[in-house]
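What follows is a set of notes on a single structure, which appears directly below.
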Amino acid sequence: MQMEGKFTLKAPIQKLWDTLLDPETLLSCIPGAEKIERIDEKTFDCVVKQKVGPISVKFKFKSILSKVEPPTHIEVDGEGEDIGKAGHFVQKSVVDLRQIPGGEVEVSYRTDATIVGKLAMFGDRIMRAKAKKVEEEFTKALQERLKNVV
Amino acid sequence: MKDFEYFAPKTVEEALSLLSQYKGEAKIVAGGQSMLVLMRQGLIAPEYVVDIKGISALDYMTYDERLGLKIGALTTHRAIEKSPIIQKHFGVLSEMETNLATIQTRNWGTIGGNLCHGDPAGDPVPVLMTLDAKLKLKSLSGERMVAMEGFSKDILEVDLEPDEMLIEIQVPVPRSHTGVAHEKLMVMQGDAGIVGAAASITLKSGNGICEDARIVLSNAASIPLRAKEAERCLIGKAINEDLLTEAGEVASKEADPPSDVHASAEYRREMVKVFVKRAAKRALEMARLR
Amino acid sequence: MKGEPKELRLTVNGKVYELKVKPKALLNDVLRKDLKLTGAKRGCLESTCGVCTVILDGKAVRSCSVLALQANGHEVTTIEGLAQGDKLHPVQRAFIDHGAIECGFCIPGRVMMAKALLDENPNPSREEVKLAMQGVLCADSGYVKQIEAVEIAAEKMRGGE
Amino acid sequence: MAEKKQGVKKQRMKKQDIAKPTVILKEEAYSVIGKPIPRVDAKAKVTGEAKYAADIEVADMLWGAITRSPHPHARIIHIDTSKAESLPGVKAVITGKDFGGFRWGWSRETRDEEPLATTKVRYLYEGVAAVAAIDEDIAQEACDLIEVEYEPLPGVFDPFEAMKEGAPLVHEDRKGNICVEYHWNFGNVEKAFAESYLVREDTFQTPRMAKGYIEPPAVLAYWPDSTHLTVIPAKGSPYFPYRILSNCFNLPLSNVRIIQPFIGSDFGGTKNDMVSCDFSAPMLSKKSGKPVKIVYTQFDELTTCLRRHPMWVTMKTGVTKDGRLKAIQTKVISDGGAYTRMSPLSNFLTGICMGLPYKLPNFKTDVFCYFTNNPSSAAMRGHGIYHTRFAGDVQMDMIAEELGIDPVEMRLRNAIENPKPGKIYETINKLHLATCGVEECIEKAAQAIQWEEKKKAERVKGSKAYGIGFACGTYLSGTKLSGHNACAAMVRICEDGSVNYVTGATDVGQGSDTVMCAMVAEVLGIGLEDIDIKRVDTAHTPVDPGTYGSRVTVLAGEAAINAAKDAKRMLLEAAAKEFGVKPEEMNIKNKKAFVKANPEMSIPWARLVRMACYTTPGMVIIGRGQSSRGISTYGLADFTTGIGDIGTNYSFTAQAQEVEVDLETGVVKCTDNSVIAHDCGFPLNPPAVDTQVVGGAYHPGVGAALYCEFEMDKGLTLNPNLVDYKLPRAYEAPMTKVIHVITNDPFGPFGAKEASEGSTCTAAPAVINAIHHATGVWIKDLPAKPEKVFWALKEKREKGKK
């Protein structure tokens, strides 16, 4: 399941970078995020709750910053599973920050996520629709948050 | 499947008190044609199941020239499909049911269960929205009426409190010179539409100008989507081929369709054009005859 | 208590059964595991293939999509209850004589589907037969002879068989 | 010296094979076969009495379930089963280690798969452990409690990734991820292309497909004692598990008992090869000391079981000005999935029959099958041939269009003529045909669909366009493979005149039990009702390779005839004594033995049998029959060169199909204007052949053309249920007509050849050709789903505008 997009913000790139990597930011922006803890330089411990109608899942997973090039490029690998064993989840995201004229920064992201197990019995119809929503909410929240960076 | 505690109330009141007693932890099962699959797949494991299928008081259809159509929430799809009343006054409902899944599903599945499941690919919601249907919801704390439009909140989510249940669907008497049609893109007969469109057209008597129009799409957004812009380009005009084409194009701009194994979002947008036009055209022809 | 077995009173093929089943038990489980009536097949368990089709109060349903307790106090007919002694039901007869059977896995469900159709509509159009057969998947018959067999049976039944 | 011997041997075999064709009587002389024969198992199936694997229960039975990997490619670091073991109701837990390093595969060289993975998983949901518990739900719950630590590895998900320099290796010891490759060259294609009037090259694609049977895999296993294993599996080839389980559990074959239940279709692959449940149930039973049953869900089936190979076929064809084939060169790339399985055969078959059904003087092929981290690919109806026949028969229409030749005419010009009686046609790679009805098939199909009128008819009606397409197909019958392809049969005459027919061959729905009984009845001169067939039980029935390669009727059928003749001989010897004549002067017909010269001198069947059994010297009459054609070295195909016979004989098909295309949506439907003319040599049971052709072949072919395809995302199947994975249903089923073309093949029983597998190969090209006839667009990659057709139409319209 691939998702990508971009948005621009008016803020100093370094500040955006710092906020972006701040667990606090992610916690407040990722829909359903219950816990995002930085356990070392590269690793985050996360718990994210998601709900599709009657179906609720709670993914416990580790996100590892597999590649970090401040202040322009991050790669994150996540893997974990639902505590109720409804599914196993693997995800890789790449985020690029690019200075563009007018003191603006273009934030572009590419995410590739796979969910297997019981949740996948559904086929991908519902899951893709849900993922699309999560993506929209996340980027919206993130933009809100980053606006206030300035 | 996980074990659960099971209740089979025989009356609405019993059911409602169970729901309020186990608020949130209880799941209603009616025909269970959607719910049981999720339970079997281990995607939901309710502590308590309130099986309302046996509440015969909610299995009825009545029609009154003034009050319109009332359908009990536990009326099966098959009963609606076969009902002479429905076929006489709301042919579109019967036709929609004929293309809904298979006979076995329609024999056991209920209209209420379908509406409350909130699947954006479902056919009944768009059709009932074009018919301007209302829903009667009930809990121990009382009754409330909600419009079919607005009942769907998100994928598989509807405007229903944990202690509430759907009691009745009410459909107003069709206005004169009104035609309603439903069309969907099926690869195989009985498929959920890759996209679907229901349209209702009301003409001014005499001059044939479009007085009112309703167009609702399935599988074109995360909830059944009312294509208001498309409606606007028909209302107040004498509808012709070009106008129908335009309505389709406008609707496809309003749509925010998903991309999945059956079709890409781009293709769905194209199909919205085709099916809005097909549904509206057929509705128009019917309106002219009435 | 969660999972506690409940009383189930069920009439199957004219015989009354009284047993206790777990609430989660599907009608398909009870027929196959408790009553040892394995005619109704276990196919997809996802309400798609239809080989588990039985007749419940005169209507064809998928026994994998009905909780056994939902059938409490109701009447079920399975393929085992269709023939009267050695006399096969006209649908069964027609399926044999017309050579509409291959591996046979979908046949019990399909025959029940066809019976329900003909009980409700003695003179179905080909369209109506196809719509009914749509509810049961077959891998290897191509449906042609099955559709024709249902039409043959319909004719026989109208003739009073 | 040795070579010389070889040569001599070959010579001898050749003589025998060609010289002794099965005797064919005139059709009207038959009293049982060639007429509609009600299936011997029909009543059991229509009353629900027929027991399939999942229907069978034994006392104290446990239910098993399998723990599957959430990674398509990962190293297994550690498996902890303790939590599962301590769950109440759990009776046994196993992992791959319990199998002590056992691996199996299609041939000795390809044993690359374990019952449950021990060190590495190679596709998503591969089994890593299994549980037996007192009920299904507990078993499933226990599976979730098994903790497996994995080290995920990068994977490859299509052959083009797999072939890349430095791509991750699915099997460390298989460099370049090559599973199998073939390079054959017959004649001189370069020269032929140079001389051709037109040379055309296209690439076609066939999708990853499910077998489409409705009965998911199921198995029940138990150990009557510690040295005997009994298994009741949903397997169409019971002698596969018989051999494989004997190796796996280190038991002599004599102690492995496979009891054959009714089978809910096969179609190759999963139901004759093994899947993890087939090993896990016996092992769990061994460990728990109780019978264990495992029934797969449709999800297990659709995500882990064997599929049809997706293939990319690049075909280059040269023709003369008048459309005669001069040369074909193919390059085939296929996705074998995680394990070798039957890929060597599947890929071999893409080339071996290219010399059929059209005359082909020059042929070159290069076939590459790659390992990927997808579920394994394997045999499926129309095995191998389906892919290249699709390419060939669509490209033939493309060429016909360029040359302005009618597609039917083009096929007639290239069709192999039916050899004169006693003559043999040899293809460029030495396949041998005694009969070939393709010409007659083409003529009859074209005539039945009114080709000439239809092709001129107005195509566009409103938003719909109509078109007809044509295609031909072929398939081998009575597969010839070295090794275990001989088979036998027994005809046991009971003293009361009733007869037991005992065979190792399995009826998976194709109707072989019925035609076997019919052939025995025909030979013995008695009625079908006098014969009882025993379902396969490896403890009692003679070994038989299995139900694949359209071999049962042709090979097991020959054994049946020979067994019946053997029994008849014994009976006639007794009768001859009675009448004081020679046995060969007597015959049996209509349940009466009589002296040919004087039919008045006769004795009824029942008395004949009693006399033969009782009067001194009384005998126990057991007729034995063999079929050795399956391993006859005459022309036995050589995998490295692609030379030699893969079949005992070959069936032919021509199909004409009309389609309706919705120009606004791209939805394609096959109409009832649909004809299949099929040369199965001689239809032993005509209605059964019809159902086979329509259901077992044509209808799945329509599925392949329009609906069936696994959508994948990095090893994950995105449509793992029968709602999202579309199988055509009754409403989509065209009411096809079947025409029998009778060629009476001398190498088949009573002239029979395989019925219908060839027809699997004609539906897809016929439909695609029809779509082109209707709309002018070519769909080169199957299936022609609405969206695909829609964009193709749009592109064509836009080109048109320019």
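By written order: A, B, C and D. Residues from 1 in each chain.
Keep in mind that, in the parts below, contacts are C-beta pairs under 8 Å (C-beta built on N, C-alpha and C of every residue); 3 or more make two chains touch, one makes a residue touch a chain.
Remember, predicted model here, so these are calculated numbers, not experimental data.
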Top chain pair, ranked by how many C-beta pairs fall in contact: C-D
Distance between chain centroids, defined by C-alpha means - subunit A, subunit D (Å): 48
Rounded Å distance between subunit A and subunit B, as computed from the means of their C-alpha atoms: 35
Between subunit D and subunit B, distance of the C-alpha-averaged centres to the nearest whole Å: 45
For subunit D, residues that touch 2 or more chains besides their own: 137, 299, 711, 718-719, 721, 723-724, 729, 731
Touching two or more other chains - residues of subunit A: 85, 121-125
For subunit B, residues that touch 2 or more chains besides their own: 1-2, 41-42, 189-190, 260-262
Every chain pair in contact, whichever chains are involved: A-B, A-D, B-C, B-D, C-D
Subunit B contact footprint on subunit D (complex, rising order): 137, 140, 299, 664-665, 667, 707, 711, 718-719, 723-724, 726, 728-729, 731-732, 785-787, 790-791
Complex contacts: residues of subunit C adjacent to subunit D: 24, 32-33, 36-46, 48-49, 51, 78-80, 82-83, 88, 92, 95-108, 111, 130-131, 133-134, 136-147
Subunit C partner contacts - residues on subunit B that touch it in the complex: 1-6, 8, 29, 32-33, 36-37, 39-41, 47, 49, 51, 53-54, 78, 98, 102-105, 107-108, 189-190
Subunit D - residues contacting subunit A, complex: 70-71, 124-125, 144, 152, 299, 711, 713-714, 716-721, 723-724
Touch list for subunit C against partner subunit B, complex: 1-4, 6, 22-24, 26, 45-47, 50, 53, 56, 59-62, 65-67, 69-70, 72, 113, 116-117, 130-132, 134-135
